[in-house]
Amino acid sequence: MVGGGLGAYIGGIHRYAARLDNQFELVAGAFDVDAARGHAFAADNFIEADRSYDSFQSMVEGERNRPDRIDAVAICTPNHTHFPIAKAFIEAGIEVICEKPMTTTIEDAIALHDLAKETGRFVGVTYTYSGYPMIHEARAMVSRGDLGKIRVVQVEYPLEWMATGIELQGNQQAAWRTDPKKNGRGGSIGDIGTHAYHLAGFVTGLKAEAIAADLATFVEGRALDDNAHVMIRYEGGARGLLWSSQVAIGQSNGLRLRVFGEKGSLAWHQEAPNELVFTELFGAPKVIKRGRDDLSLETRARTRTPPGHPEGYIEAFSNLYQGFAESIRAKADGREPNASGANVPTSYDGLKGVAFVDAVVDSHEQGGGWLKPKFA
Amino acid sequence: MVGGGLGAYIGGIHRYAARLDNQFELVAGAFDVDAARGHAFAADNFIEADRSYDSFQSMVEGERNRPDRIDAVAICTPNHTHFPIAKAFIEAGIEVICEKPMTTTIEDAIALHDLAKETGRFVGVTYTYSGYPMIHEARAMVSRGDLGKIRVVQVEYPLEWMATGIELQGNQQAAWRTDPKKNGRGGSIGDIGTHAYHLAGFVTGLKAEAIAADLATFVEGRALDDNAHVMIRYEGGARGLLWSSQVAIGQSNGLRLRVFGEKGSLAWHQEAPNELVFTELFGAPKVIKRGRDDLSLETRARTRTPPGHPEGYIEAFSNLYQGFAESIRAKADGREPNASGANVPTSYDGLKGVAFVDAVVDSHEQGGGWLKPKFA
Amino acid sequence: MVGGGLGAYIGGIHRYAARLDNQFELVAGAFDVDAARGHAFAADNFIEADRSYDSFQSMVEGERNRPDRIDAVAICTPNHTHFPIAKAFIEAGIEVICEKPMTTTIEDAIALHDLAKETGRFVGVTYTYSGYPMIHEARAMVSRGDLGKIRVVQVEYPLEWMATGIELQGNQQAAWRTDPKKNGRGGSIGDIGTHAYHLAGFVTGLKAEAIAADLATFVEGRALDDNAHVMIRYEGGARGLLWSSQVAIGQSNGLRLRVFGEKGSLAWHQEAPNELVFTELFGAPKVIKRGRDDLSLETRARTRTPPGHPEGYIEAFSNLYQGFAESIRAKADGREPNASGANVPTSYDGLKGVAFVDAVVDSHEQGGGWLKPKFA
Amino acid sequence: MVGGGLGAYIGGIHRYAARLDNQFELVAGAFDVDAARGHAFAADNFIEADRSYDSFQSMVEGERNRPDRIDAVAICTPNHTHFPIAKAFIEAGIEVICEKPMTTTIEDAIALHDLAKETGRFVGVTYTYSGYPMIHEARAMVSRGDLGKIRVVQVEYPLEWMATGIELQGNQQAAWRTDPKKNGRGGSIGDIGTHAYHLAGFVTGLKAEAIAADLATFVEGRALDDNAHVMIRYEGGARGLLWSSQVAIGQSNGLRLRVFGEKGSLAWHQEAPNELVFTELFGAPKVIKRGRDDLSLETRARTRTPPGHPEGYIEAFSNLYQGFAESIRAKADGREPNASGANVPTSYDGLKGVAFVDAVVDSHEQGGGWLKPKFA
């Protein structure tokens, strides 16, 4: 693991996720830009001293030639460092699990994706919410035509925690997220809008043809957008609306997706992730619960408990790790991944995410007109 | 009443609404373009035969010189007839209660609004949802600063019933709503988007500075939009997103408003109208229930039952009628309306609604750029 | 109307209910034990002075021989007066609409029911909640076997408003409800438990075979129970659990019914009355909405608005009034009532309700053992 | 681990729970009564062959004298075997984590509790639902007086999965649960009613003074109750109502607790476990979310993710394991457990649970009268 040490949030989640299914063991890391603090953290986490590194560069060097070298590295650092770190590990022949957004520039995203293709290294990108089992069910339902041709996609990702200028009051998590050098060009749209966009595409299989956007910055002194409105035109005629916000008081983690087709609709809310509401044309809404035996193979492969025994965010994250493990194994074995490894987000998803943010910021800066994302 | 006879939907609602509070008595009408059917309907509704008219023109003539002539007329006809009917009654000195949209063209809307101002006739427009008591509470809360300066407005009005081409299969209600000559330039945006837009403005007091829109028609052969996405910039910097749809399977009458300010947020859903969820910055969401003694005067003036005894759509409509009655009386008495008559939608609201639809259609036709509505 | 004047709560609801469907006109009343206050109230409500009476006795005398005498009287007084008032009007040949509980003693209940049968007078009892359309749908579903044989009934009616000793602080509504002479032997069980019991029986058609009860009084100085727990054994083997409470903080009007059968289950909550959740064995819960075309005839006869346009408490009450009107007309015409008059609560329902309260209080006083209600 | 092998449900949950927080490592087991199947399972789970045992007896023998012997054993077998297994491990000086109910007879429960006290061995009992963070918050709120003196407790635990006679169709999980020899005297009341009873006592701190019960068996041929209704009188005057059911169609895992006091009320539902609804007297219900910084120390010690990132059943179970680990360590260190180990369920909770089931069955068999549980 690179990053994710003391005070980090997402690093701990990666560790829970890796541990739950017993598919990965954490054996090495460069946990902190402050090397001493990183070593202390490593010791607390039962990492052998000689595999706690001062920097990602020394980690690459230390691991690349070990006989028991790591199979994969998890990159849990601020956005602007994803690219050099991922590149270094890939070049050392190590598989990569990278936080989103994959990079902060479209050029880096292209380069990383190309590098992954050339080297054959696996690059998984943690579009966390695509790990939820009922999201896989939604995808399966759309894919097999339960909703008919898709017409309208409504997706939103509102958050409250940055509703005030906490980055000016010492909050480190907020500080780098509002710094264009570290976060990239998009504020809310880069941090969370990209999750929403990925989720909508993941479930519907639709590709954006054009977007038109309006960004706003509500907290005084903030350097990036903290609210984004995006209209989307998908190939084939479907229309989408995407809202991301970091100033939405009352919204803890309000990612919500609704998909409307010619024959039915689906609704899912991240804060009640074990349910999917499905309504057929003029029918009564049905509450489909995770854990049922009649759900898709991909859904059941991501399910640990029966209906009514809620699974949550950590399990969703674990599903990504399980999927990454299966993808890496399948690659090694020269076979297709099984259901647990199907459809995991990889470097092309990462590239599409960066291209989306780029198009959104461009559209806004050009006065709101329609633009085509470079990759979709 | 003009229109609203056999087979009509909204006419019956107007009659319930008028009756509930005992402020109006239905005594005359031209209920149907088919005069015989209209007379039969009148007889069934205890209307004296000499006050059941063949047409709105004959009703104006018949009523204008009676000593017991009607105080007000309710216009429940398809959109394109609102203007001539309203104009005729106003010119006869009769107050008007008119369905929305007030007219189908901006020119007519301006003319009607000007006529109302010149003649001093009352023109109430049935923006139904502004009759709900908790909407008045929301308005009071925003107005007294409970939410701080407003940043973001999310409003949507999705419906399912026109998800297929029912207008081609003999559904009269759908037929005129999809006919540009009868409904006006906007399809979903004119029929229901205008409700959503009014509600957002009613609660927040914000005026739109610019809008950018994307319309779509999903049902084959339909002549007007059945899905609309609109980005809104309000004066003072707030941003809005509006979605209206007539093809949203599973959405019975899904009008929903969320308002986010610097200090708090509000959420309201028309299908659970007795509650308002209010969240203060970093606070626990509170479910505020209709019927409490500590709500605003305007809210309590629109309340008939205690908390937990649900009021609904008919009561909301009745609140409009009660407000229209109070407005008409207050005008006659030369005084300000009391709380029950405060803030009722009138011809200027009607005009703004038509201007909004006009701007939306223009924006879409011009490729989605920002436009300023002519009235806001 | 007898009672229901200034300061009364339920009288106003009766008037809304009578008015909404235009089936009754309020023309006479003895609105208050304080005759002057009653006359003032009558005048405010457009009652002719000669039909505003000093007392129910003078009203019986005044009305009985008028050619335009009232068809029916609504009795909205405290419980202990229901019997003498109802008796007097019945004996004068006038139909009766009576608040629940019908009487405060089982003897009076028997006498009144017998009198109704003998005289052929209609006695409707306002078990309000059986007026909700989705309750009729629930009944229809049980009746046609959608749930299979019923096994378990869970019904509860918790309220908050008497959680403190407000009867000692001048609240008139609470004062008579906590006075055994006026309210009868049961406190919460008589005031609201009887609603819950009626609803469970109404929907399931089950008759109680035995009950075992535990009453409690939590507010100091209160003379009647304010919380009741009742276990029920129904004929045929089904089991029930009933909870009524007047001290349940947070519960505005929390009547809730759940029915479980061999093939399916139903859930309904009074505060969201437009929906019924139906689940078939191992199926996905379905949200059935009021207003659909495929609901039962009895449901549709009690429906005014389409799905998504909420109806509420006043409409439910109106459905009772509509049903009473139809029952009275059908009786006069010597025919069966149509769907709108089917299954309205009458004196036998009133009698069963009083017998239930009696059995509950007896069971509690005898230490909680099983007792059979005298009528079920 | 004893039991929990192939086809078992709860064993897998124990393993997830142990792994998530990295406090336990699974190193030995007797996973199956079919030894060969058990060994195969062990091998699949990376257990060294010499620590995969044929039976719990051989496991006790094999482990007791190893220098690296297990610290604790998790007992995941059918109920009737808990006692001999726990006894054997305790006598070998090994700490015990035992599924509920702790034993199938009150005598065994007393004996086991006494043995734990005498030997000083830790016996944790997996009353899973007391591991949920918001349950700890509820307990903290009651304990510090936020609700005032408790008046009413409503607790229910309905399930659907045994609504038909699946035990007769080869379902092993259902088979032992409906076998009095394996499950004990109580059916639904022993399997899940005991969870509900524990949860109510855990949150409120109340002790039952008397209970009165009504059991029913709805599935033909089933030997134990599958539905139980229990009225509870707590010391100090509070009243409770408990419902457990294995035939409640539509209820996946419907454990629900509501507590009403003189000053406020709380509601919690296991299927939405990240929220607690708290209402103060005549106040607006507040939705308190897991993850907030202002929750109790005990709650925060059981929290891994911020608000809006749902935790679920596995995390609740992990909290028990974390609490057991901390309890065992604190005992070894001769100190009090910290917040993460506070209030974990131990043998006395197990004993109270068995005593409750015993009293319920006795009350029912004696015709429903009030009985005092032997331990509370």
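As written, the chain order gives the labels A, B, C and D, with residue 1 at the start of each chain.
Following the convention adopted for this analysis, contacts are C-beta pairs under 8 Å (C-beta built on N, C-alpha and C of every residue); 3 or more make two chains touch, one makes a residue touch a chain.
Please read all numbers here as calculations on a predicted model, not as lab measurements.
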* Structure fact -> Interface copy of B-D among A-C, B-C or A-B, with over half of contact pairs matching by residue number, is A-C
* To do: Could you let me know which interface, A-D or C-D, is made of more C-beta pairs in contact?
  => C-D
* Asked: With chain centres defined as C-alpha means, what is the inter-centre distance between subunit C and subunit D in Å?
  -> 42
* CA centroid of subunit A to CA centroid of subunit C, Å -> 55
* Centroid spacing, where centroids are CA-atom means, of subunit A and subunit D in whole angstrom -> 36
* Structure fact -> Residue ranges of subunit B touching at least 2 other chains are 251, 285, 289
* Mind listing the subunit A positions that touch subunit C in their complex? => 278, 284-289, 292
* To do: Quick one: which bits of subunit C touch subunit B in the complex? Just the residue numbers, please.
  => 9, 12-13, 16, 19-20, 22, 46, 159, 161, 251-254, 270-274, 289, 291, 304-315
* Structure fact -> Touching subunit D in the complex, subunit C uses residues 151-152, 154, 156, 158, 160, 163-164, 212, 214, 216, 218, 227, 229, 231, 233, 237, 239, 241, 243, 245, 247-251, 260-265, 267, 277, 279-283, 285, 367-370
